[in-house]
Amino acid sequence: MPTLREIAPELAEAGLAVHARGWAFGTAGNFSAVLSREPLSLAISRSGVDKGRLTAEQILAVDGEGRRIEGEGKPSDETVVHLAVVRERDAGAVLHTHSVWNTLLSEAGGDEGGLQIEGFEMLKGLSGVTTHEHAEWVPIIPNTQDYARMSRDAPAALRRHPAAHGLLLRGHGLYTWGRDLAEARRHVEILEFLFEVTGRLYSATGRLKTPRTAATAGGPDGAR
Amino acid sequence: MPTLREIAPELAEAGLAVHARGWAFGTAGNFSAVLSREPLSLAISRSGVDKGRLTAEQILAVDGEGRRIEGEGKPSDETVVHLAVVRERDAGAVLHTHSVWNTLLSEAGGDEGGLQIEGFEMLKGLSGVTTHEHAEWVPIIPNTQDYARMSRDAPAALRRHPAAHGLLLRGHGLYTWGRDLAEARRHVEILEFLFEVTGRLYSATGRLKTPRTAATAGGPDGAR
Amino acid sequence: MPTLREIAPELAEAGLAVHARGWAFGTAGNFSAVLSREPLSLAISRSGVDKGRLTAEQILAVDGEGRRIEGEGKPSDETVVHLAVVRERDAGAVLHTHSVWNTLLSEAGGDEGGLQIEGFEMLKGLSGVTTHEHAEWVPIIPNTQDYARMSRDAPAALRRHPAAHGLLLRGHGLYTWGRDLAEARRHVEILEFLFEVTGRLYSATGRLKTPRTAATAGGPDGAR
Amino acid sequence: MPTLREIAPELAEAGLAVHARGWAFGTAGNFSAVLSREPLSLAISRSGVDKGRLTAEQILAVDGEGRRIEGEGKPSDETVVHLAVVRERDAGAVLHTHSVWNTLLSEAGGDEGGLQIEGFEMLKGLSGVTTHEHAEWVPIIPNTQDYARMSRDAPAALRRHPAAHGLLLRGHGLYTWGRDLAEARRHVEILEFLFEVTGRLYSATGRLKTPRTAATAGGPDGAR
C-alpha cells in the first residue's frame, strides 16, 4: 500500500492526463487510491480544485467515513462513491471523469438504467475480459445532490451488476476503478474509447437524448 | 488587485491554453483582468495579435473608457464589452473565445435570443450553481461591427439575465468571466464543455442552422 | 526579404504546428516563403518528407520556374501552385494543408466550383475583411496529377476570384497565403476553423458528398 | 537491419505518438520491426503494456514462430499477424492501431469484407500510389480470439488483395506496414486520415452499423 506522500504525485499526474484529454474540465472529476484496508483510508483529490492545475498538495487522506485524516482542504462530497466502489470491488484506485461522450450516453441510456457495449476488441482492455464477444453492461444511476442517497444507490448498482467495470451517473459522468492506479487509468481510456465509438453510433442513428429537468430557465424575457 | 506586470504573463498563458484547445484561432479572442476599481482600469490583450503566440508584452492597460494607459499597441474594439461585463458583474477577469461549438450554437439559438442548458452535473462548475437541476440561459445578442451599439446591447442583455454566466454574440463567440482569472478560466472550460455536449445533441437532432446574411459572394462566375 | 537560412526554421516550425493539428499528416502539405521578387525565388519544403518531423534542412530554394537553386532534394510537383499564388496575389508565404474538413468540403462544393462561407465573425481574421457580413467564396478546382494543367487552372481561378483568400483542390486540400508567413499561418487557422464550422453544418444537413472516380478497386474477390 | 537495442526506442516513440492521437488507448495496439530476414526475427512490443507509457525496455525480440529470443516479458498473441504481414509483404515494420474511426468502419464494411476508399489526394501517401484516381480496397477479416485461425485468415486476405496497404480486423483495428518504420508510421497517418474522412461521410449518410454478437449482457435487472 502506498503512503499519501508516494501516491499524491501519481494521482495528480493522472488528473492532469485526464484533463488534457478534455475528460475533466474545470473542477470536474475526482481521483482516489487506497492507502490502507483495515482501517480503510483513501488518498483523494481535494474538493473544488482545477483539474488542469492539479498538484500533489491538493491530494488529501480520508478515513472510511470520508473524514479528512491528513493533508489540506475539504474532501469532495462524492467521496462516498469512492468509498462505496473501494468496498464493493476491492479496488485500489477509483477515477471519476466527465467527458462529452460519457455525459451524452449517460442520458441516452438513462431510462433503461444502463448501456450495453459489445462486439469490440477494446473490451479486452477491461480486467478479466478475454474476448470481444463480451457484452459490457454499464449501469446508469440517477444523478442527485443528496449524497446520502448516492451512498446507497452506487453500491446497490454495483452489487446488482457484479461484472461491471464502470458506473455512470446520469448527466454527470463515469466512475471506474482498478486494482491499482495503472489499471484504473487503463479502464478510463478503454471506457472513454468505447463511449466515443458508441456515442458516434448513437449520434448517427438518432439515439441521443436531451435531458429533461424540472428546472425553469431565465429565458429571453428574463422570466422564462 | 494585480499590477499589469503581475497579471500580463497570466493572461498570456490563459490565451495560449485557450488557443491550444482551438477556442481562439488566429487573432480571435480577447482576455482581460481588472487592475483597479476606482478608477476602473483593465489589463487586456492587444488588438490583432496571434493568440497562438501571445506574450506578456502584448497585454496593455486601459482606463474605464477603453483608452490605453500603459503598454504598447491598440486595445481591441471589443474592449467595450469587457468593460460592460466588469461593470455589470463586478468581474475580476473576462475571457472571450471563438470555438466551433459556441459559433454553431450562437447561430442555432440566435432567433430565440438565447440557449438553454439544463440537467448536466457540469453546470455546477459555474459559480453559485449547486445542482444539476439548474437551467442556464445563455443570452445571445446580434453581432455587429457598430461598437457603440454593442456597448449598449451587451450590458442590457446582462441586466435582463442577471443569473447568466456567459453571453454569446451571434455567429461570433462567447464572453464569460469570473471574480478572478482562475474562475474565468474555469467558466470557459465548463461552458465550452456544455456547448460541445449541446452542439452534438443539436447536430444529431437537426437543430443546427446556417447563418443568413445580406452579403453577396463572389460565386462561380466571379459575379455571384 | 528573408534568406533561406533565416526562413527555413520558421517554415519547419509552421509545418510541425500544422501537423500537430492533424492538417498535414504523412507527407501531405507544402509550405513556402518568398526569398526574392526579381528574380522570383522561393523557400519551399522538400518533396516526400514527413511533416511530423520536418526540419530546416528539408527546406530548399527554387527559382521562378521551380528549379532548385539552393539546398538538398527535389521540390514538390506542386511548386507550380505556390509560384502561381505568389505571382497572382503578391504573397510572401503560401501554406498548403490537407485537413479532414477541407477534404470533405472540397468534395461537397466541387460541382458548384466553390464554397460560400458567410455570417461568421471569424471571417474578420482574413486580411482586409472588416465585417462578419462578408461572404467568402472559396473557389474549388478539379484535382489533377497533370501539373501543367494545374499551373494554368490555379492562377485562372485566382484571377476569376480576386477577393478569395484560399483555393481548394477537390478531394485534395487547401492553398492559402499571406503577405508574410505569420499572416499565412493566421489564414490557415481561420479557414480551417471556418471549414470545421461549415463541415459540421453540412454533415448535420445532408450536404456532404462521396467522391466518384473512374477507378476500379480491388473488391472483396480481388477483381472488383 | 537494426538491432533490438537500436530499434526499441524508435518503436516506443512510435507507440507514444500513436497513443497521443488516441489511436492506441490502454494496452491496445502492437508495434514491430524486422531485425533479420534469414532467419526471420522481429522486435515487438510486449503484451499487456500501456501504450501511453511505452518504453524501450518493453520491446522484445521474437523468432519466426513468435517465440521470445531476447528481452523481457511475453510477446502479444497477435504476433502471428505481424509475422504474416512481414512474410506476405516483405515489410520492415508493422503497426497495429485501434482508433475510433477504424473501429467504426471495420464494422460498417464488415459484411462486404472490405472498405473502398477512392478519389482523395491523400491516397498518394500510400507507397506506390501515384494518383488520387486510385481505389484502395482495405480488406476486413472477422475478429477472432482463435490465433491459429487468425494466422491463416490474415495472410489469405493479404494474398487475395496484393495491392492493399492495410488490413482491418472487424470491430478490432488496423494493421498497416512499410518497408521501414518511417513508412509504416506514414501509412498509419494516411489511413487514419482517410478513415476519419470516410467515417464522417458514413456517419452523415447513415452507413455506420452497430455490431451484433452472440453475447448476453448483464442488463438492468442483473439477468439481461
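Worth pointing out:
Residue numbering begins at 1 within each chain, and the chains themselves are lettered A, B, C and D in the order written.
Here, contacts are C-beta pairs under 8 Å (C-beta built on N, C-alpha and C of every residue); 3 or more make two chains touch, one makes a residue touch a chain.
Nothing here was measured: the structure is a model prediction, and the numbers come from that model.
Residue numbering shows that chain A and chain D use the same positions for less than half of their mutual interface. Chain centres here are means of the Cα atoms, and by that rule the chain farthest away from chain C is A.
Rounded to a whole number, the gap between the C-alpha centres of chain A and chain D is 30 angstrom. Each chain gets a centre from the mean of its Cα atoms; for chain A and chain C, those two points are 43 Å apart. Within chain C, contacts with two or more other chains are made by residues 203-204. Viewed as a contact network, the protein chains form a single closed ring in which every chain touches exactly two others. Chains touching one another, given as pairs, are A-B, A-D, B-C, C-D. Listing the residues of chain B that touch chain A in their complex gives 17, 21, 112-114, 116, 118-122, 125, 130-137, 139, 160-161, 163-164, 182, 185-187, 189-190, 192-193, 196-197, 200-201, 203-205.
Against chain D, in their complex, chain C makes its touches with residues 22, 25-28, 50, 52, 98, 100, 103-104, 107, 143, 145, 169, 171-173, 199, 202-204, 206, 208, 210-222, 224.
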